[in-house]
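Next come two complexes, and both contain chain A; in the first it sits with chain B, in the second with chain C.
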Partner chain A sequence: MGNSVTLQIDGQPVTVAQGTTLRAACDEANHAVPTLCWHENLTPANACRACVVEVKGSRTLVASCSRVAEDGMEVQTASERVLNARKVVAELLLSTSDASLAPDLLSLADTSGANPDRFGGGATWQQPVREDNNLYIRDLSKCILCYRCVEACGDDAQNTFAIAVAGRGFGAHIDAGFGRDLPESDCVYCGNCVAVCPTGALIGKTEWDLRSQGQWDESKITQTETVCSYCGVGCELDLHVMDNRIVKVTSPADHPVTHGMLCVKGRYGYEFAQSEERTD
Partner chain B sequence: MGLTTAFGSGAGTSSYEDFHHTSFILLVGSNAAEAHPIIFHHIMKGVHNGAELVVVDPRKTLTTKRAHEHVQVTVGSDIALVNAMAHVIIRDHLYREDFVKRATVGFDQFAASVAGWTPERAAAITGISAERIESLARRYGQAPSAMIGWTLGITEHHNAVDNVFSLINLALLCGNVGRPNAGLNPLRGQNNVQGGGDMGALPNRLPGFQDVLDPAVRQKFEQAWGVPLADKPGWNQTEMFEAIDHDKMRGLYVIGENPIQSEADSDYMRRLFSKLDALVVQDIFLTATGEMADVVFPARVSFAESEGTYTNSERRVQRVKPARKAPGDAQDDLWIVASLARAMGYPWPVQGAQEVFDEMRHLTTNFLGMTYERLEQENGLQWPVPEMGHPGSKVLHERLWAPEVMDKAAFTPVEWSPPVELPTPDYPFLLTTGRRLAFFNTGVQSNVYDHPHKIGEWMEIRAEDAKALGMEDGEVIAVISRRGRVEVPAYYSDAVMSGTVFMTFHFPDEVMTNSLTIDATDPRSGTAEFKAAAVRLERLQDSRAEGL
Partner chain C sequence: MNEVRRLLPDLRSASGPASPERLAERGFDQALTKAWAMSSQAIIDEVTASGIKGRGGAAFPTGLKWSSVNKAEGQTKYVVMNADESELGTFKDRVLLEEDPLGALVGLLIAAHAVGARKAFCYIRGEYREVEQMLAKAIDTLTQLGWAGPGRIDVEIRRGAGAYIAGEETALFNSIEGKRPEPRVKPPFPTNKGLWGSPTLIQNVETLANVAILFAHDAQWFAEYGTKATAGTKLVALSGHIQRPGVYEVPFGMALADILNAPDLGGGVAGSGRLRAVLLGGAAGTFLSPDEVAQSQLDYASLGAFGASIGSGAVMVFDDTVDLQWVLTKLARFFADESCGQCVPCRIGTQRIWEIAEKGGLWTRTEDLRELGQAMRDASICGLGQTAPLALLSILDRPGLRQDV
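So, the complex of A and B:
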C-alpha cells in the first residue's frame, strides 16, 4: 500500500493517493470543507483558516489545504471546535473587510452562522480606492489578505513579483513596493491577480466603472469560450459580453494551456473588436 | 520548413507540459516572457521543478532576467554558437550514440561539418567565450532531457531555415526529440500560424501537410473537390512580391494582413502594391494596406465574432466561437470567400465552419478523429488524431524510439553566414527589432486598448553609444538606413549591446520602423531579416542641417 493511505473522515474510511491533502481527501469523501485562500492552481498560503479540521491527537486545528493525509488519521470536518473556528474566521473578516463582492466569504458566513456585527465597531481596512491605471482597480477595503494575488504574480504563474504583503499585524497589506502606484511598479498588467482575487479587491476597470454606474447586470451577461487572437500560445478565453460589448475576459482555471492565467493582451487587449473605427 | 524537411511535419514536437518536467530548457531568439507569456508560465514551472534555463538572445529581456544563464550573442551568430556546441558534444562523446545510429541519417557528414567549428572560432563570432560555449554544450549534452524553444530571433533572418536546422541537429545528437520532456518547439508568433499551415495555406501543401507533388494526394483532393489541381507548387510571399515586381502578377487578395506596415522595407512594398491592377483587402479595420485597395471587404473579428478553429504552438486545435454581433455588413471570412467564388461563377455551396472542417478532416489523417463535439469536450485536441477514439498526440515522432526505425530523421549540415547588412562607417549601428509585452505587430489590435505603458515607439540604445553622439536620454533622433529614415525618441538602455539598437514596429503610424528594415529573405521560408539592418543615428539639428 506504498502509494496510498487510508484515513477516517468523520468516521468514514477513505483511501487516497499518498501526498493528497486533507482538503482533497475531504472532497473525495464528499465531506467538502469551505475554503477562502485556497485556489486549485496556487500553492496553499495557509492564510485564512477557513478550511481547518480537527485531527485526533493534534493540539491545534489544522489547515486542511496544506496538511497531507497520513495513514490512520482521524479527521473531523464538523466538530464543534471546527464549526466555531469557521464562524469566528468569518466574523473577524466581516468586521474588517467589505464583503460585498466576496461570494465565498458570504457563503462561509452564511453556512457557519456567523454574526457579521459581532466584532463590529472595531478597526477596519477601509481606505480610498486606488485608481491609477485604466486596466484594473485596487479596492483594498475588500482585501482579506488571502495571498492569492501575490502567488499568482510570483512563482505560481506570472513570475513578475510586482506585489507582496508589506507591513505587520493589522498594518499588513498588499503593496506594489513602497506604496507606489502600479505604473511606477514592476506590474505588467496581466491581471492574473485580478483573476484569482476572491473578494473583488482587485477588479477590472470596466467592471468597476459599470458597477459604480449601476449598470453591471449579471443577468444580461453571456459567457462564450473562444481562443485569444494575439500570439500562437492558444489561450482559452471566456468572453463576458453585456449589450454586445465585451466587458471582461477570463480563462477557465482547469484549461491545460492557461490554468486560468492570461497575459495583458489576452485579458485587456480586446477593445479593438468593439472599436468605432471598424470597417462595416 | 526546417521541421518539415527533417521530420515530415512542420510543427512543435512537444506539449507545453513537457516544459514542467524537463531537465534543461534552451530558448534561442525567444523573449517568451513578453511575446508568449503563458508558455513562459509553463517554462517557469519547469524551472521551479529544477530545470536549468538558458536563454540565447542579443538583448536583455524579461525572459533573460529569469534565466540561469543569459548568452548574449551578437545578432545573427546563432549557427556559430550551435555548431560549436555540437562540435564539443561530438568531440567529448556526449551524444546519444544508440539513438543517432538507430534513428538518424547523415551523422558522419554532420560531424565532419562541425569538426572545424571549435569553440574558439565560435567565440570570435558570437562574442561568447570558448569556456562558456564548452560549458553550455556539456550541460545540454549531459542533460537527461532537454527542450529547445525558439521564436523570430531564429526565423527572421536571411538564413532562417539553416538556423532551425542547426537546432534540429543539436536535438538529434542528444536524442532530445520524440519522447516526453524533450523536443523542438517553434513558439508561434501569431494566433493561427500553425493552423494556416495545417490547412494547407502553404504554396506546396494541401491540408494536413500533404504534398501537392504527390499524384495520389492530388487525385484524392481532385475527386473530393471535382476540379483539377495544379501539379506545381504555388508562390510563397517573397515569390509573389517578386512576381508583382516583374509584372507577372497583377492582382492580390489580402486577408487579415497589413503588409504595407508589417513587411520589411515598407517604401518598396508601397511601390510594389501601387503597381497592381487589383488589390482586394479583407480586414476588420481600414489598415494602411486597405487604404491602397480597390475593394475592401469588412470582416468579422475571428476570435469574437466567428465560428472556426485555431491551432496553437503545441498542435492543439481549439474551437473559436462568436460572442458578439459584428457591426454593419461585416461578414465571416468563410462567407466572403465563398460568396466571391460564387460571384465569379463557381457553384460553391453555402457552408458553415463545421461543414468545412468535417470535409477537411475526411481528407487528412492528422485531423480524422477530430469533431467539433470532441474539440468542445476535450479542451481541444493535439494533432495527429488519426481515428475517432484517439486521445490526441502530446509528443510527435515517437517512431524514432522504436527498436527498428523505418522513417529516420536527417541531420542537415549548415554553415554560418553573417547578416546581409553589417555595420559600416556610414551605417555604424545594427538595428534589431522585436516585440514589447503589451503590444503586438503593427498595432492593429493592440493600439486600441488603454495600456499605461503606451507611450508610442522608442529606441533602446546604450548610454555610452548615445553620449558619444551627443544624444540626451529620451531625445528624438533620426534613424537612417539605406532604405528609409524615421524619427524616434532614443532612451538609454543596458538591454542592448554597444553597437546595437532596438525598436519595435508596433506604432507604424508614428514611427515606420519597417521603412528601415531589409527585405533580405530566406528563399526557402520567405521570411525577411527583420532582426538585422545597418543604420546611422543622427541628432535632428544635424540631420536637418544636412538635408538643407
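So, the complex of A and C:
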C-alpha cells in the first residue's frame, strides 16, 4: 500500500500503481476504453472525449486518458451514459470529417453503433488539400482536431511551435500562423506531426502521390529496420519499402531514443539511397 | 418596498463611486481594518458562517473555496475577480462595478489577505471600457490609501478580447497567461493549480461585493435578509417583455412572480401582458412555464424542484407572442459561435443543434436532440458545452411551452 491504489472497474477490483490513469487501469482490467486523441508519447489533450467513463459521485463523465485513479473509485466503462457519449462523439466526427484513413475513428463508429448520417447534411470540414512542399501534405478535410500534431510540434517532442489551433467553435482548425503555407511558416519538416496524425490529415507526399495514383498497396510494403546514418544519436528507422523503393520512414513509438520522433533528415532524407546518380 | 439596497449603494449617496468618501460611507474602510486584524482562519470562518455562495452561477460555498486555497501548498497564491460578464441577459456585475466598484475590490483584498496572496487580477470583459475606467479609479483610491499596490496587494486589470469562453475560470487563467482561452481539464481544481500552476482563488464580482458588506457589518446583519438556507440578497437582471427592465437587488426567497410584477421591481409583463415563459439563468439556463413561475421562489431548493437554477441572476421574460423556436435558434447560434472548439461534443454539437434549429427540426428530431444534448452535458470539457443544450432540453421537457403562435 502507499504506492498503489485499488479501485473498481465495472465491479471488478483492480490494483494499480499510484499515478496510473483510469485509461491505463481499464486496460489492465481488460476493460479497454476507446481513444482517438490519446497517444502514448503525448500529453493527454482531453479533446475527443471518446474515452469518457462514468465515475461514481461525478456529475459529468470523466476523460479516462487524463484522470488519475484514486483509491475506492467506482468506474463504469459501459454505462448507458458512456455508450451514448461514445456513439454521439463518433457520429459528430463522421458528420464533419472524412474518416477514410482513420482506423481508430472507424472502429469507434463500428463498436459504438454510430449512425454516420444522423447528424450529417450540415456544414463539414471539406476543403482543398494544401500541397505546398515536397515532404508532406495537409488534407484537413480529414482532421478531427485531436491536437496530437500541435503537441508533437510543441513541447512534447519538437519544441518548434510552428502550428497551433486557430479560430473557434466549428471554425477551429490547425494553422501554421495566419493561414500561411508551410514554407513561409516556422515548420522544420521533422514530420513528427505526420507520425502522430491518426486520420491521414497529415500524410507524406510520397504516400499521398501513390495513393492518388491508386498505387499504394499495404500488402506489398515490407519494413526494414536500420539505424539512421546522419548523426550519432542512434535513431532507429523503419524503412517502409514498396516495389524496391522507400515510400515512408518511421520510428517505433516505443524506441527508447526516438519515442517515434525523428528529424527532417531521418524521416525525409532517404532519396540518396535510391538515387539513379548514386555511386555504388 | 421589495427592492433592497445593500450590494448596491444608497441612491441618495452623493459621493463619487470610486472616492475615499464612498469607501468610508459604505463602511469598507472599517471592513478592511477589521479583516486585517483577523487571522486567515477567523476571516474564513466568518465567510463560512455567512453562508455566501458563489454568485457567478455555480453557487459553490465561498467559505469552503477560501479554505481550500488557504490550505493548498504553494508559496505563491493568486486571487482573481471574474468580471468577464458575458452570459446573455446578465448585466449585474456591470451595474455593480459602475455604481460601487470599491465593494468588489475590498472583497478581493480581503480574499487575498485571507489566503495569503500578494497579487490580484481583475479580469474584465473587453467591451466594458467605461466600467474598467471606474474600476481603475477605485484601485487608485485603494492604492493611495495604502491598502493596495506593490508591496501590499498588487491589483492588476486584464481585459478580455471578446470571447464568452474566457469567463470560464480555467480558460480565464489561460487568457491571463497570454494563451488561447481554452478551458483546462479538472481536476486539478484552481484552488490547487490555477494561474501559472499556483493555488488560485477566483470569484465573481457580486460574490466579492457580498464579502465587503459582510465585513462592513457582521454575519447576523448579513442574515437579516434571505432565507434560512441562503442568507442575503441577490442581484437579478430583468430583460425582455418586462415593464421595468434593469438590475434589482432582492432578498433570497422572494417569489419569482413578485420579482416580475411588484411595482418597484419588474412592474409586470410587457408586450401582450400575458406571460409565455421565463428563461432563468441566461443562455445556459432553464425555461420556466407561467405555472412554474407562480410556484417558485428565488432560492436554490425551490428552483431545483423545477430543474432550474438562479445561475447568474438573468431573468429573461417572453410574452405569448414569442415563438420559442426562434429564441432557441438564437441561443443555439450563440453557443455555436462562442464554443472554443476544443472538444468534440461542444465544437460539433453546438453547430448541429444550430443547424437543426435553422431547419425547423427542434420539435421533430427530439430523440436525436435528447441524445446529443445528453452527450454534451456528460462529455464536454467545461460548463459551456455542458450547459449549452439545457435551455433546449428544458423546453423538450415542457411540451406545453411548444405551442407555436
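Everything that follows uses one rule, which is that the second predicted complex is superposed on the first by the 279 of 280 C-alpha atoms of A that agree within 3 Å, B and C clash if a C-alpha of one lies under 4 Å from a C-alpha of the other, contacts with A are read in each partner's own complex, and residues count from 1 in each chain.
Here is the rule we use: a contact is a pair of C-beta atoms (placed from the backbone, for glycine too) under 8 Å apart; a residue touches a chain by one contact, two chains touch by 3 or more.
Since the model is a prediction, treat every value here as computed from it, not as a measurement.
Student: Is it chain B or chain C that touches the larger share of residues in chain A?
Tutor: Of the two chains, more chain A residues are contacted by B.
Student: Is A:169 touching the first partner chain B, the second partner chain C, both, or neither of them?
Tutor: The answer is second: A:169 touches chain C but not chain B.
Student: Which of the two partners, first being chain B and second being chain C, lies in contact with A:128: first, second, both, or neither?
Tutor: neither
Student: First (chain B), second (chain C), both or neither: which does A:225 touch?
Tutor: The first partner, chain B, only.
Student: In the overlaid three-chain picture, which partner chain does A:155 touch, first (chain B) or second (chain C), both, or neither?
Tutor: first
Student: Pick one for A:88: touches chain B only (first), chain C only (second), both, or neither.
Tutor: After superposition on chain A, A:88 lies in contact with chain C alone.
Student: With the two structures laid over each other on chain A, which partner does A:269 touch: chain B (first), chain C (second), both, or neither?
Tutor: A:269 contacts chain B only, not chain C.
Student: For chain A, which residues lie in the overlap of the chain B contacts and the chain C contacts?
Tutor: none
Student: Can you name the residues of chain A that touch chain B in the complex?
Tutor: Residue positions touching the partner: 133-135, 155, 157-159, 182-183, 188-190, 222, 224-237, 239, 241, 244-246, 255-259, 261-266, 268-275, 277-280.
Student: Would you pull the chain C residues touching chain A in the complex into a rising list?
Tutor: 163, 165, 180, 182, 185, 187, 336-345, 347-352, 355, 368, 371-372, 374-375, 377-381, 386
Student: Report the residues of chain B in contact with chain A in the complex, numbered from low to high.
Tutor: Residues 16-17, 33, 35-41, 44, 48, 62, 66, 187-194, 283-286, 290, 296, 298-299, 301-305, 310-314, 316, 318-330, 379-380, 437-440, 444-453.
Student: Name, in rising order, each residue of chain A that touches chain C in their complex.
Tutor: 44, 46-50, 52, 60-61, 63, 66-67, 81, 84-85, 87-89, 92-93, 95-96, 118-119, 121-123, 144-145, 164-165, 167-172
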